[in-house]
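Here subunit A shows up in two complexes: once beside subunit B, once beside subunit C.
Showing the complex of A and B:
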C-alpha cells in the first residue's frame, strides 16, 4: 500500500514550491548584482543609477550586514556579501530590493562595481603550484607502496581528469523571509539543511538562533546543490527583510543560478598502479587535485569521501593517496550526489584500464580478482562486513552472459566498419555515513492526536526521493497503524532542532531510525495501558493494522480506542526520538577508523555503439545488480537507481561544464549546458536486486540508495572508450570525462585530447 | 497592454508589457501550476497547451497568445490525476517540478499519435527534461498509461 496523496498532488501541479507560495502583503522582490569578472578588489559600489530607476529600489551591500558578514562554517572565508574582494565570476556583490522582480533585476544591472582586477586562477594544478590551498592536504597510507612497486610485474602511471557538473535542480534557489512580531525572523528556504540556514541567518543578522525560524517545504530537486549553498540565498532574503522591514522574496532565474552557485568539483589526478603477473593489484598511489573553487564550503568533507573511496571496490594492500583542496577563482564547488566518490571511482577504474592495456589481462579479470571479500580490511583499517562485491559482480557476469557478449561484440566489430561496439563493467562499494562524523545524528518528533492520527516531523527534507513516504512506512510498521493515518510534515527548526542536512544518502536511515525510536517510546507507554485494559502483561500486547493483539490473538480493542483511553489516563502521546549512528570512529591523525556504518554494493554493465565517422554514440543497454537490502519501497528505490544512473551517465559523457581561462562561465544556461534527455538514455535498462541481507544500522534492514548507483554511469565512459578502440586501435587513450562526441571524434582522428 | 486569454475554459483579461513571456503573465495571474525551468525554451517545464498544442510558454511572447485558449495542468484535472497514478506506481513522480509540463505533453501526444512506438514516444518527449527519474520510470508510466487507454 502506498501513501501517494502528496505525490499525486505534485504531478497535478498543486505542490507549492518557493515561488508558488502566496506572498505576504507588501512583499518586496529581490535580485542580486553578480560580479562580472572572476577576481577583483572592490573600490566602490555605486548605487546612484540603480536608486534612480524607481523609488521602491533599495541596494544593500556587505557593510549593511548587521551581524557577522560571514556564512562559512568549515572555514570563515565566505562573506555573505563581499566588502573587499570578489573571487569568482557571478558572485553576489549587492542585494537589490524593489516592488517587483523586473524592477529589481533592472536595478541590479545598474549597480556599478568599481574595482581593480586581480589575477585569475582556474586550474587546480596551478593553484597547487602556488601552494594556494583551502586547507592542508590529506593523506591516507597503508603498507609501503614504494617497496611494493619494486616487486610488481607491471607498474603504470597516468593522469585522469573529471569535469564539474551543474546540479540542474529544476527549481532554482530561492527563499522568502519576513520579520515577525518581536523581531523574530521567519524564512522559507529551498534547502536540504534548514538548521544550517538558520545558523547562517542568525550569525549574519547578529541574532541568537532561537530568534530565527526556518522552514523547508518540498524541494523541486536539490542533489547536493541546496545542502550548504541554500544558506546564501536565504540569508540574503533575511537580510533584505531585516533592513527593509518588509517581507522579501529572492528567487534566482536559471541563468543567475548557473552562474552564482557551486557545482560538482572538477578533479585532476595522477595515479600509479602496480600489479603482479596475474593481475593482483599490489600497490596504488594517487594525488587528487580537487578544484575547490573560491571558498571552503563542503570541500574538506567531499575530499574525505574521495580519499576514503580511492580503491573503489577493491582490496589493495599498499596504498598512498593524497588529496589537495585547490583554491581557484571559480564558484565554490559543493556537494553533488556522490560527494567526491565518483571522482575517486573514475581514477581507480582508469588505473585498472591502463593496467589492462599494459598487461593484456582483461579488465573484468583484474576487477574480479581484486574485489573486497568478507573480513578484508580497507586501507584505512575498517573491517568489511557483509561484503557483497563478488555476489553482485558474479551475478552481473552471469546475467549479461559476459563472455559470450564479448565474443559477439568482437564478431560485430569485425564485420561492421562504420559502427563499433564496446562494453564495460564497474563494480561499486559505497560507504554510508557522513564523512564528517558528528553529522551522523537525527531527531524526530512524533505526535499521536486523540483521534488516533499520527504526525511525524523529522529533519528529512522531501526533495523527490520520497523520504516522507519511507518514514511514514517505518512509522506505520512500528506503531502497527495503517499508512493513511500517518502524516509526515515538512521540516521546520521549531519542531526538530540542530538537524543535519538531508544528504549523504542517509536521509531515511537516520531520520527513519529517529522516528522509529520515538514511536517505540510511545508504543511502550501504550502497551502498558493496553495491558491494563486487556488484563495482560504489556509484553504480550502487539499492535497491528490499527488493532491491538493479545498473545497473537486479535482483541476488540482498536488503536483509536486505546488512544482515547490513554489520553484520558493522562499518558503522554508525543515523543522525541534521537538517533546517533553507533560504532563510528575515526582517528584523523592516524587516518584509521570505521567512518561508515555499512557499505552498499553493486555492479553495472553498459554496452554502447559508436559512429566511427562522427564520434556520436548510442547507449544500447545497461544491466545493474544492486544491493538494496530490504527495500522500504521498491518503486522508489528503482526510481532512485534510474535517476542516479542518468546523472552518472550525464557526468561521464555529456555534461560539459566550461569556464574560460579568465573564469568566465561558458555553460550557464540550459542551451549551452546539455543534460541527458529521454533519447540519451540506454535503450534497455535491466535492474536486479540482490537478496535481502541483515543491516542493523537502518530501519528494517533497508539500505541507503541515493548516491551509490551514480557511479554506474562511469561504465558508460569505458564502454564507449572500448568501442572507440575497436575503431582506432592506435588511438591515444585519455582518461577525461565527460567523453563528449567531440572528444570521441578527436580519439578517432588520433588527436591528443 | 491588455490581452484576452481563455485559460482552462475561463476568459480572462490581463495587463502585461509587450515583451513579457506567457509563463510570467500566467504566473502573475495566479496560474502558478505553470512552472518555470530555464527561461530559454530548453527544458519543457513551462509547457502549456495553446489551442490544444503543447508550447514552451517561456518562449512565447504573451501578446501572441492574445485571443487564444490556454490549458494548464489544472485544466485537465481528471486526466492528470489518472496519469499521476501511473507515474507514482513507476517511482517516477520524484520531485514533481517537471510533472505538470511533462503530463501536458503526454496528453497532447495521446491525442496526436495513435499507438506510438517507444521511439516515437521518446521523440515526442525529448523536449521535457527531468533531473530526477532518468526517464526510465516516466517512459514505463507513459507506455502503461497509453496501454490502459486502449483497454
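Showing the complex of A and C:
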C-alpha cells in the first residue's frame, strides 16, 4: 500500500491526535487547579473537599514531586507546581486525578488555595522602573549614534506598543503518560520539542533521561506555543502516572489553555531615528521593554531575535539597541511564530513612518533608499550574502504599479467622503537559524527495508506545516525513489536523541539536511553494490525514480532489486545522519558574529479602506513578492505564506490580548479573543516567488518559510493608518497594535466627515 | 449542561404542562447546552412541536418559535417582505451549523444582549404570542421581568414596515459591538432600536419622536436622529468596545439604518 500523504489523512479525518488514541487500561484523567489571582504566597493547599468528592480523586502538589520541582532550564524560576508563591493568574498549583475528566475538573475546583495576596505588576515599564528583570539587558551597537544624530537633518523620537497574541492552536495542550516495566516512563506529548519534554520529566521525577521516552505523533497546531511550554503538561501527566501508578491523561480545555499558557510577548518600545535630508537613515536607537511574564521560559532567545532584527531590512550605519526582559505577574510569554522579530519590525517601520511624516519624504522612498545591498554588513557584523531586498522590493513596486496606485488612491479619497483608502509596503529580511547557536543541529535515522520502502525518523514534528512531506521529498530526491515509497515516522526520543524543537522556521532545513546526510551514506553503500552488479564504477551510478542508471543510461536494475541484493550481501541499509549548520558563530560579549545561516527576503503591499464613520476597515488586497529559494513543495509554501500573513494581520489589527491591572485575563475565551476568519482576510492575495537562488545551507537550495511572511501583516497596520490620515490629516498618530476599529475611531475623532 | 430528566413533548399542551406547570427547563435550539454548566432537573425539548414555520398571513408574517436562524436567514418570504433585514440580522451568527440550531424562540426568551435578531424584532414592533397566555409587544417583554414560566408559540411581524438593520463587529462571525434597527411603520411613524450595548436592545424613543411621520428623512435629519439616539441610549463597556465607542458608532448606525429603510 502506498504511503498516504498527511494532508490526505487530515482531510479524511483519519489522523490521530492524543485525545483520539485508545487509552491504556485503567487510565486516569487529570485536571489542574489554577490560581485565581495573579500573585500570592501559598499558606496552605486544602484538599479535603476535593478528596471527598469521589474515591477516585487524588490531589498532587509541589511537595509530592519526587525529583527536582523545577522545569526552567534557561533559569531555574519555574517550579512544576509552586510550593511557596504563585506568580500569575491561571498558574497550575495542584494536579488532580480522577476516574473521568468531569470528576477531575469538579474536584480541581474544590481544591482550596489559602494564601496571602502580593503586589501585582503587569506593565513592563513599571517592572523596569523596579529593576525587576528576568536576566540582564542586552545591547548591540555599532558606530556612534550620539555623534551621528548631530549631523542628521531629521531626528525623530517616538513610542511603540505591540500587544500579545494567543496561539489558538486547534489542539490544546495535553499529554498521556504511563509507567511501564522497570519503572520506565512513556509519554505521548503534544510538543514541538520531545527532548525538552524528556529532560523536564526526567528532572522532575528524579530519573535519568534514558528512563523516559517521549513521543510526539503530530500536533493540531502549535505556532511556538508548544516549543517550551508543552513540558509543563507532559511533566504533570508523568507526575500523575508516577504517583498513582496508573496511566494518566491530561488535556486542557480551551479556557484553561488560554489562561494558563504563554503567548506572544507584548512589547513597549522607544525609538530615535535620524536621517539626512534625502532620507538616508544615519542613526537608529531603540529600547525594547519586553513583557516577559512571570518566568524566563524562552524570553532571552526571543529578545535576541528582537535585537538582531532591529533595523528590519535596512542598512543603518549607527545603531544602538537595548532589550530588557521585564518580569511581570502575567503568564510566562513564550515563542510565537516570528519569535521577537515582528515586534522589532513594527518598531523600525514605525520609526520610518514617523520620519516620513516629519520630512515629507514618502515612506516607500525612505524604505527603498536604505535597503540592504550585497556586501553590506549588519550592525552586529554579519556580512550579507545573496541579498535580495531590492529585487523583492522593486518587483513589488512594479507589479503593484505603486505610483499609479498612489494616484488612484488619492483620486478615490478626493471623491469619497466617508470611505477612505490607504496602502503600505513592508520589506522583510529575516534571519534563519536558532538565535541560541547550539540548537542549530539535527539528527535523522533512515531505514531501507528489504522491499525497498524507506522509513525516516527525525526530530521534526508534524504540526500541520507539512514538514513530513518536505523531508520525504528530500529523501525521495536524494535516493531517487518515488515519494510514495517514503514514510516519515513520528518523532520519539528512542529513535533520534537530543533533538531541538521544531521551531525557528528551521524544521525542514535542519532535519531535511540530517535526513539527506543519512540517505547519502546509504546511497554510497548502495552505489558500490550497484557498480559491482553493473560492472561499473560507483561514481557513474545514478538513482532516479526507482531505477538505477549507469551514466545517463537506464539499466535493468531497479531500486527494489538492488536493495534485495544489498541485503543478501549484508550491506547495512540503515544510517544515522547528523547536521550542524556550518559557519555560525556569535561573540556574546562583543555582540558580533554570524548568527544566521542565511536570510529570507520579501516585500508585501496591502491596500485597505476605512469606514470613517465607524472606524471599521476592509482589507482589499495584498501583493507579496517572496524569496523561497527552490521550493520543496510550492503548495505547502504558498499555504505557509497565507497562514503567516493571516496571523500577522491578526496580530496587527485584530487580536486584542487583554489583562486587567490585577493581572486577570480578560480575553481568555474564543468569544472574547477573535482571530482572523475568511472574511477578515484581503479579498485578493497575489503571491509571487522570486527566481530560484543558491542557498547551500539547506536541502536543494530551499528556504525556510514558516516565520518570515508573518511580518507582511504589519503592512496592514500602515495601510489603515494611511487611510485614516486621508480622513483626518490632523489625527494624532499612534504606533500601537492591534489597530482595532475603536482605536481607529479614536484617530478619526474630530475628523470632518 | 447536566440534564437529569429529558422529555420531548409532542403537543403544545404537553409542553405547556411541563414548562409552565412543572417548571421544566425549555430547550429551544439547544445551542448553549454544551456551553452551559448548570444542572437541570427536567429538560423539555421543544423540537417536536412543529413550531418551525414561517408563514404569510396577509398583513403579517408568523414565525414559529422553533424556526431556526438559518430558516429565517434564507426565508424568501421574510427577506422579500423586509428588504433582506432578517438575513442581515442572522447571517453573522457564528456559522451555518449553529444557525441550524439556534431558534427565534430561544433567542427571544433568552433576551440576549448580543442578539441581532432581537434588535430587528424590536424595531419591527414584533408581537409575541405566549401559549395559553396573552400576546405582548416585544418591547414590553424585553423590559419587564417575568416571574412565572412561559412558553412562546410564535412571533408575529406586520409586513407593512420599511426596515433596515445595521451592525458593527470585529469579525464577521463575532457578536456585534453594537447593532441598530430602524423601521418606518405607516400610520405610526418610526421605531428605532439599538442593541448589543452590550445589554439587550432598547428603543430610542426621542430619536423616533424627532423623525415623527417623516417617511423620507434627509441625511441631516437622519444624522440628528442618530445623535439623539446616541444621547438617550445608555452604553456599557466590555472587551468588544468601550461605552464611548459604542456611543460614537450608534449615531452612524442609526443614521444609516434610517437612510436605508427610507430608500
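Keep in mind that, in the parts below, the second predicted complex is superposed on the first by the 745 of 753 C-alpha atoms of A that agree within 3 Å, B and C clash if a C-alpha of one lies under 4 Å from a C-alpha of the other, contacts with A are read in each partner's own complex, and residues count from 1 in each chain.
To be clear about the criterion, a residue touches a chain if its C-beta (ideal position, glycine included) is under 8 Å from a C-beta of that chain, and two chains touch if they have at least 3 such contacts.
This is a predicted model, so every value here is computed, not measured.
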Contacts of A:466 with subunit B and subunit C, given as first, second, both or neither: first
Contacts of A:645 with subunit B and subunit C, given as first, second, both or neither: first
Which of subunit B and subunit C A:666 touches, first, second, both or neither: second
First (subunit B), second (subunit C), both or neither touched by A:613: second
First, second, both or neither for A:362, with subunit B first and subunit C second: neither
First (subunit B), second (subunit C), both or neither touched by A:24: neither
First (subunit B), second (subunit C), both or neither touched by A:677: both
In the superposition, subunit B vs subunit C on subunit A residues touched: B
Which of subunit B and subunit C A:67 touches, first, second, both or neither: neither
Contacts of A:593 with subunit B and subunit C, given as first, second, both or neither: neither
Subunit B/subunit C common contact set on subunit A: 671, 675-677, 679
Residue ranges of subunit C touching subunit A (in the complex, touch as defined): 168, 170-175, 177, 239-242, 245, 248-249, 252-253
Subunit A to subunit B touching residues, read off their complex: 2, 4, 7-17, 19-20, 167-171, 218-221, 223, 253-255, 463-466, 633, 635-640, 642-647, 669-671, 675-679, 681, 685
In the complex, subunit B residues that touch subunit A: 27, 32-43, 45, 72-74, 77, 80-81, 83-85, 87-100, 103, 122-123, 125-139
Contact set on subunit A toward subunit C in their complex: 613-616, 654, 656, 658, 666-667, 671-672, 674-677, 679-680, 740-742, 745, 749
